[in-house]
Amino acid sequence: MRKALVFLMVLVAVLSMADVVLMWFTDGPDYDIMQSQVAKFERAYGEKVVVLNLPYYLEYKPKLAAMAKAGSPPDVARETDLLPWLEYAIDLKPLVEKYAGMKFEEWLENVSFYKAGFKKIYEKFGKVVGIPYTSDAHAIFYNKEIFKKAGIEPPKDRPWTIDEWYSAMKKIKQSGAARYALVYDYSPYRFANLLYVFGGGIWDSEGKNIIIDSAESIEALEFFVKLHDEDLIPKAVWLTGDAPAKYFQNGMAAMYVSGTWMLAQFKEQLKFDWGAIMWPYKRQRAVMTGGKYIVPFTEKGAKLAFFLTNQENLPEFAGKLFLVPDRKDLSDKVTIEDPVIKPVYDLVMKDLNESGRGSLVADWYDPDTASIIQKNRTVIIDAIKSAVAKEKTASQAFKDLAKFLREEAAKSR
Amino acid sequence: MKKRKRVLLVILNLIVYTFAIFYVLPIVWTVFSSFKEEADLFSWPPRLITKLTLINYRNIFSKTPLPLFMRNSFLISISATVLTVMISVMSGYALAKYRFGAKGFVSSFTLSMLMIPLQVIMVPIYLVLSKIGMINTLWGLIIPPSATPTGIFLAQRYLLSALPDEILESARIDGAGELRIFFRIVLPLSTPLIAALSVLSFTWRWNDFLWPLIVVGTPKLYTIQLALGMYAGEHIVQWGPLLAMTTISMLPVLVVFLLLQKYFVKGITTGAIK
Amino acid sequence: MKRKVIPWLFLLPSLLIFVIFIVTPALSSFYYSFTDYDMLTLRGKFVSFSNFINLFRMPSDFGRVLIRTFFYTLLVVPLVFFMSLLLSVITTSDFIYGKSFLRALFYWPWLLSPSIIGISWKWFLDYDAGLINILLLKGGFNPISWLIDKRLAFLSVLLVTVWNVAGYFMVMFNAALTAIPNEVYEAAALDGANRWTRFWKIIFPLLKPTSVLVIVLSTIMAMRSFEVIYVFTAGGPGTSTTMVAQRIYHTAFMERRLGVASSMSVILFVILMILSLLQFRILEEKQ
């Protein structure tokens, strides 16, 4: 009897849900700050918000897709992609003036500053899907104590060349200052940054040709394989999906190729002196950016989304997590007081401003070219892995990959 | 002679127990690691013995409504288990004790349910559930996974050998109805089977990730396995709380097994020997 | 007439659930296997058999994954068989103390969720923080790259699979062993043969029905292996421990090719169906 009552209660509670549903995934210490801003929203508008915090496994997107397809999407969702939601998400164009208090064109320029792909999608489809939320830049962190032990000092106002970077790694390994010189995030996106500084890419920067089998791209992969072969990078990360951050956090690796989203966690967890270096380069300087969107599916959701990205909340959210706010007009509103983070944040911003983006837009954002890459992330990862695991040579791996991608591109045209 | 035999016995037991210790070492190591501080988890050079702490446990209790997740998991696992037991015994009984034309087909059909990878049909499943209105309800978490081929299969094998036809026949001669026979004779004679199905079903439901993920659309319905997944973000895995949550989540199934162990062994195996 | 309807009434709940929640979605999935549907937009066009034809072309490597899965199954099944038999002999032997404690201990791995098993073993064999390598290091040896070396990773995956399921099948053997009448043991003892030959010559043949069952079930399990390996090695290093189920999963979710993934599922379904029907035919003949 009591059980039946509980059933009924939950059933009633669920059915009477006319609240704003926010689908979220946590990525570090962002949950508490989001909660407090949501509470502010509830107080300001008298609406109840339900936060559906789900694991960011492979099934997060399919779950969202299934909800959308069934006609019952959440009101708003935190997401990393826009294209899949083109037809389900609400068109924000008519809502911008009402909720953001800005002329549409002005707003579009403003929010596309760090996310060039956003404007591209609007131009192509004529619909505004999602709001750019926060961006991160790829960054390389280093352990100052290990560097000191190995007798290495990175230049302050310029990046290393790839050769200088390599010899620094050798020196760290030989000095025995750390178990590994470097740990590199397991992600095709992070790997692409290496492609760009070697002058390669998956597409060329115009998105006309696949250049993953160019001499430059192959050279980048060969360099990456060499670092693994010489035990400068722990193999377990790329070969078995081992979590990379722990190597750096515990002083096992001297450097860590990751991004600014790690700053908030590092501030809490790192027990040593640390900093960031600029991206080393061979032929051109490149720093990639990426980040999160917030995608409303209903007007209720849009209201919350605009609230979370307004001039008060966005700088607060970005500042607390040390992210780049996706509104150019607010970038100087972010104040970082932390004495350790501030120089790192500033250095990354300097690197970001001085560098290009390689084929960033063509490879990952332009809907015409990026969809091939999004769809074949696994194939790309497998190609890199097969070279690291010595199943194929670097050039063979990328030649096979190029052939495959060209066929895919031809098919979709 | 006798003394030699005793020495041999001791050595044999020593070997077996050493083996047993190694057998469970990976789990024990996980449990042990959940009491370490995050920084000690990956210290270099590695240290075997470190300071032990409850911080990971305190964290998961303070940052998540763990009792709510636990209650949901228990509620779902227990209700689904009751349902699974009923459904499996009913179907197993029909397959074991009745003659009808399509029996072979039904058996193969049931078995074939084992061979469809659920992940791939996740989106169509969601669409079906939402048409019926089961998304975001406890029913959606309890009913769909409660019919299992393995359960039906075990019930069929058990009843084939443990339930003599004569009992059924004499009951029928006495004029008992089929339903009455099922509830008064078949179920009471299936205690070991019911125990076995209960352990298995409870384990499956407790450990299930996919069904809850498909169905759940509100934090009120979260299960412990869903909560376990929240410690893996897009970029960041929080090992300390993950290991602690892992340790907590494996306790209930162990308790259920230890409680029902005696019947369980009998239930799962009757019919395998015949 | 009435007697014909009754079994169907008993079967109704399970059949209803299967048809509504599994068969209906599976049928749409069967349809997807002839399309190039996208996982997220659920859009695409009919492509007839080209998914099936393309599957065996590079670099999808589906054929290689399939062969690897067969090879893996071929190794897993006998290993599981003898391991569970060994555990069963231990936990029914008259010479061992605390048998029910040991039985619970050996059964424990079967009670854990795949993610727990994957996490625990990954943790246990971790190159830098795993217990085994720490011990090796303390003893002055070089650490072993369990999950980094291709062969060792494959072996580790085998080991974990066997470890995971052996307890379950142990229980099956247990009942079979305890059900053998004492007279058989006594008669065997009179033969004067030693324990080893006695076991294989007299006891083991009596276990045949159980043995066949263990083989059928462990074959299905091995062919479908996915979650544990996924958490444990993510199918690496390279693709050396990627099995069919994982390839399907990745194709559907990472590459978003629902059409292709569905056609892979259809192939796996057909293979499993053929394998188990064959094995069941053998089982029925033997009885």
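Lettered A, B and C in written order, each chain numbered from 1.
Throughout what follows, a residue touches a chain if its C-beta (ideal position, glycine included) is under 8 Å from a C-beta of that chain, and two chains touch if they have at least 3 such contacts.
Given the structure is predicted, the values throughout are model-derived calculations rather than measurements.
J.: Tell me the shape of the graph of touching chains, choosing from line, ring, star, complete and other.
T.: complete
J.: Quick check for the class: compute each chain's Cα centroid; which one is farthest from the centroid of chain C?
T.: A
J.: Could you let me know which interface, A-B or B-C, is made of more C-beta pairs in contact?
T.: Higher contact count goes to B-C.
J.: At what distance in angstrom does the C-alpha mean of chain B lie from that of chain A?
T.: 37
J.: Let me have the rounded angstrom distance from the C-alpha centre of chain B over to the C-alpha centre of chain C, please.
T.: Computed from C-alpha means, the inter-chain centre distance equals 16 Å.
J.: Which chain B residues reach two or more other chains?
T.: 41-42, 44, 119, 123, 127, 228-229
J.: Give me the residues of chain A that touch two or more other chains.
T.: 59, 62, 65, 69, 179, 246-247, 252
J.: Give me the residue numbers in chain C that touch at least two other chains, ranges are fine.
T.: 39, 42, 128-129, 249, 252-253
J.: Residue numbers of chain A touching chain B in their complex, please.
T.: Residues in contact with chain B: 3, 6-7, 10-11, 13-14, 17, 21, 25-28, 31, 50-57, 59, 62-63, 65-67, 69-72, 74, 80, 178-179, 185, 243, 245-247, 249-252, 258-259, 261-262, 265, 269, 271.
J.: Using the touch rule from the top, collect the residues of chain B that touch chain C in their complex.
T.: Going through chain B, the ones touching chain C are 9, 12-13, 16, 20, 23-27, 29-30, 33, 41-42, 44-46, 48, 86-88, 90-91, 93-95, 98, 100, 103, 106, 108-121, 123-125, 127-129, 132, 143-144, 146-147, 152, 178, 182, 203, 206-207, 209, 225, 228-229, 242-243, 246, 249-250, 253-254, 257-258, 261, 264-266, 268-270, 272-274.
J.: If we count contacts the way the header does, which residues on chain C are in touch with chain A in the complex?
T.: 38-42, 58-59, 122, 126-129, 145, 147-148, 150, 153, 233-234, 236-240, 249-257
J.: Provide the residue numbers of chain A that touch chain C in the complex, in ascending order.
T.: Contact set of chain A toward chain C: 58-59, 61-62, 65, 69, 84, 86-87, 179, 234-236, 238-242, 246-247, 252, 374-379, 382-383, 385-386, 388-389, 391, 400-401, 404.
J.: Using the touch definition up top, name the residues of chain B that touch chain A in the complex.
T.: Counting only chain B, the residues touching chain A are 38-39, 41-44, 63, 75, 79, 119, 122-123, 126-127, 130-131, 135-138, 210, 213-214, 217-221, 226, 228-230, 232-237, 239.
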